[in-house]
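What follows is a group of structures, each given as structure tokens.
In the two assemblies presented below, chain A is common to both, partnered first by chain B and then by chain C.
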Partner chain A sequence: MIDGENMTVPLYWRMQKEKYGLVGSNITGLKGRIISYTIIRAAPEGFEAPYVVGVVLVENGEKLVGEICANLPDVESVSLIDRSVSVVFRRIQTHSNGLRVYGYKFLLE
Partner chain B sequence: MTGILKRILAINLAVLHCKPAIGENMTTVGISGWGAYVPRHRIKLEEICKVWERDPAPVIKGLGVEEKAVASRDEDTITMAVEAARNALARAMTDKTFNLKQLGCLFIGSESHPYAVKPSGATVAEALGISSNFGNQMMVADLEFACKAGTAGLQMAHAFVKSGMIEAGMAMGSDTAQGRPGDALEYTAASGAACFIVSKNPVAELEGTYSFTTDTPSFWRAEGKKYPSHGARFTGEPAYFKHLTSATKALMQKLGLKESDFNHVVFHMPNAKFPLQAAKMLGIDANKLKQGLVVTKIGNTYSGSSPLGLTAILDIAKPGERILVTSYGSGDGSDAFSFVANDKITELQNIGKKTWDYINNDKKYIDYGTYLKLRGKIHRD
Partner chain C sequence: MTKNIAVVAVGQTKFGELWEHSLRDIVIDAGNSCFNDANTQMSGFERKIIDNLVVGNMGGGSFVNQGHLGPLVSSALGLGNIPAVRCEGACASSALAFRHALHTMQAGKSHVSMVLGVEKMTDVDPSRALNILMEAGDFESESMAGLTFAGLYALMARKHMHDFGTTREQLAMISVTNHKNGKQNPLAQFRSETTVDTILKSSMIADPLALMDCSPITDGGAAIILMTEDAVKKYAIKNPVWIAASACGTDNIIYHQRKSLTELQATLSAMKQIKEQGISEKDINFLEVHDCFSINELVALEDLGFCKKGQGGKFVENNEIALNGSIPTNTTGGLKSIGHPVGATGARQIVDAAKQLRGDSINQLKTPQNGLCLNIGGIGSTAVIHVLSKNKPDVR
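Here is the complex of A and B:
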């Protein structure tokens, strides 16, 4: 997981292949379903709570951890388990020095 | 002059006057993949009018726009361009002779590049797996020319491929347009992206293109300013209409075509009124604009505007149909294009999400407060 501003510029650069393109996966049209999730209410520095983080079983059999794009309170009263998601490219955070960190997230279908 | 000399001269003259049927030379280049992206969030103009205490009926009628698309807080020009490009690549991949290594350029037009210094295109190329880290010779440039930066990239990618410098290229327009709260632009400034793959094995062949540019101060955003300024009514006659109609007429003259030769037409869409009025001025049937008139449901997506109109038409164009596209960017300029769809387009139309699917499905309406938050106009104190 990306740890707030502790993700330094060199670390962000080194992780681009994994975070941008899920290297090792066929990203185009990748879909999956949520097998576990939690709502983060106390966020680390650089993130704004609340937001949802979950484990997704993607169609090629891999399990991935990432943020689930969802609007609270829409998802607070319903279970997201087994909900279908697609992998999308989003901004994960913006550092105080202006650097934007990008990567994959999961969008509810 | 002897008979043999006359014959040689006649043959040479015939060669000199023998113009190729298409474009500037015989190499056929055009669009071999296209993709759209429109964010899910929508705000109705009625909601914006409510906040600024305006009667919504004349505003909606005057602009011809009902609602506009709004990017999420974690979306920007880069992320939307990646989504549109993935859709375009999925279509281009149906050509078994195409592979990602052939892509040698990526041009991204926007007036909302996230960085003042750091190219959007490099991140897009990296995310798509076509940067030089993946072995590609990759030329990237971020383009700016108000709302026509996307089509400028399309011309450049076309020229790169046609010259033989590269085998295939990418051009995209993507914007999260900003409108100052309370300003006239706020009713239409929207978010969206479109991407095109350009190659020598096209499904929509580019017949020709023509650009018309002058220094016209109709709309601008100075360095360091968050919101653009504009010349209000000055943005109409001497700006939009002059440039768009001039480029369109010049293209038709260049190609020897007339209005009735086109089956579909896209003009830049700052609102729904302007393109329809331009069509009337040019003697073009308004019905030809219908499929590409995406502005009514998503607003003005700036650099993505006429490109999204084109993706909407490519989604349904029949083989043999001719498409006219003219962009417009303040400052001012217009790029006009004529494309002809061929037999191969039908196969690509069944792949992926269509432009109007993005526009009509999975919408989530938001109120004005949420809109301000998503677009970064208010922050937690």
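Here is the complex of A and C:
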């Protein structure tokens, strides 16, 4: 069971406007800079390790956390701190009940 | 202290993967361990003198489908129909429970209170346990980004290494020290010494934190009986340990939104409150700090004022935290070696600090007067500090 699967769709649906940028304010396309990051190798339910998660200072002054889309060997060999990223809209999870959860990720520039 | 309160009896179960034991079994074991200790501290102890119970537990509902732990524990221990409540503050649950009992007693509503911390974590798959532990973080941002608690503390470690030059070797020395101390502890989950090399070569969990930088998933319980000064006299307690100061700080539960990723404002706030109660780090002879991940012990040493921000790595490297160092830390093994049943850890820290001050620790220091316990909930969203003392404080 993915965490949140036993909860109803509105848990995700009500965050559309503020979080996913589907309606109203749109954060996708914003640029940012990586402050810190890790490679998750022991994943919680609903995620498949390994993947990179980072804290990004976005140009509007906010700090966001999310997955950094990157090749693992590159991440293991060079520090990503201070690297530039852009915010992109992506699917985060698909639950076994068919619910697709969307959100943002970061693309290395 | 506005009214003197003492720890008069302590107890703890074996910590580990207790496959044969249910949450209720662990409660009974912890309670009986504490009652046995009470029988050594006073003559004619009877559990009916306990008039108040506070339970520390983080995830009974998620780990074993069991909530409402106040009455569960009071009935399991045969405490009768006394007031009983559960405190939840993630991994700081039982230090908060201890603080709640202290306040109830200072308010004159209890003369003899019991605090019991318990967690049963191994009845779920490890990946499910990671999800449950993330209930201590922010679900909508951190959990949905795929972060784990190891991942959150890895963000802290990476930033600390980048900003201050802290090394993985220095972090590993914290685990080495804790394992060395825990080797003597019959109740510890891991009683083996380890080396920096072993830690560096252990599998990565969340870079730069490897398996041996992380405390384990653990079942266990710890219990404490507290008395007012009047009750200590009435029952002629042999070796009371006094509560010299108590404090709690909190911070934004969303870690990445905080101003700093390398210091915990909750700890700074709590330590400031401790100083306002007349105690500084110079008065402390030993520490029990929250090494759920090695970086957290290092940051605690800095935030509590034992070394400057950024100097934690060097401080550890200089062996200052060893049993013969300037500030012996986690003298019985810490979370890394003893184990980390999340809702029980804060109580376990107080149990071991009280034993150290009574003179019956497994790694006894030479005549310590004051010990400080720092119990952290989440990634520093809650910080609870208690200073225990061999000496009765002046009532203000």
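To be clear about the criterion, the second predicted complex is superposed on the first by the 94 of 109 C-alpha atoms of A that agree within 3 Å, B and C clash if a C-alpha of one lies under 4 Å from a C-alpha of the other, contacts with A are read in each partner's own complex, and residues count from 1 in each chain.
To be clear about the criterion, a residue touches a chain if its C-beta (ideal position, glycine included) is under 8 Å from a C-beta of that chain, and two chains touch if they have at least 3 such contacts.
Just so you know, these numbers come straight off a predicted model, no measurement behind them.
Colleague: Would you mind checking whether chain B and chain C clash or fit side by side on chain A after the superposition?
Modeller: With chain A as the common anchor, chain B and chain C both fit in the superposed model.
Colleague: On the A-aligned overlay, A:Asn71 touches which partner chain: chain B = first, chain C = second, or both, or neither?
Modeller: The first partner, chain B, only.
Colleague: Taking CA centres, what is the chain B/chain A/chain C angle in steps of 10 degrees?
Modeller: Superposed on A, the angle at chain A reads 170 degrees.
Colleague: One more residue to check, A:Arg100. First (chain B), second (chain C), both or neither?
Modeller: First partner only, chain B.
Colleague: Give one of first, second, both or neither to describe whether A:Pro44 is in contact with chain B, with chain C, with both, or with none.
Modeller: The second partner, chain C, only.
Colleague: Let me test your reading of the model: by the given contact rule, A:Ile92 touches which partner, first (chain B), second (chain C), both or neither?
Modeller: So A:Ile92 meets both chain B and chain C here.
Colleague: Could you let me know whether more residues of chain A are touched by chain B or by chain C?
Modeller: Counted on chain A, the partner with more touching residues turns out to be C.
Colleague: Between chain B and chain C, report the minimum C-alpha distance in the superposition, expressed in whole angstrom.
Modeller: Once the two complexes are overlaid, chain B and chain C approach no closer than 13 Å between C-alpha atoms.
Colleague: Per the definitions at the top, what is the overlap between the chain A residues touching chain B and those touching chain C?
Modeller: 92
Colleague: What residues of chain C sit close enough to touch chain A in their complex?
Modeller: It is residues 126-128, 130-131, 134, 139-148, 150-151, 154-156, 158-159, 162, 203-209, 255-257, 261 of chain C that touch chain A.
Colleague: Once bound in the complex, which stretches of chain A touch chain C?
Modeller: Chain A residues touching chain C: 1, 3-4, 15, 19, 35-47, 51, 53-55, 63-67, 76, 79, 81, 92-93, 101, 103.
Colleague: For chain A, which residues count as touching chain B in their complex?
Modeller: Chain A residues touching chain B: 16-17, 20-21, 27-29, 48, 69, 71, 88-92, 98, 100, 102, 105.
Colleague: What does chain B use to touch chain A in their complex?
Modeller: So the residues of chain B in touch with chain A come to 72, 74-76, 78-79, 82-83, 86, 89-90, 114-115, 123, 126-129, 133, 352, 364, 380.
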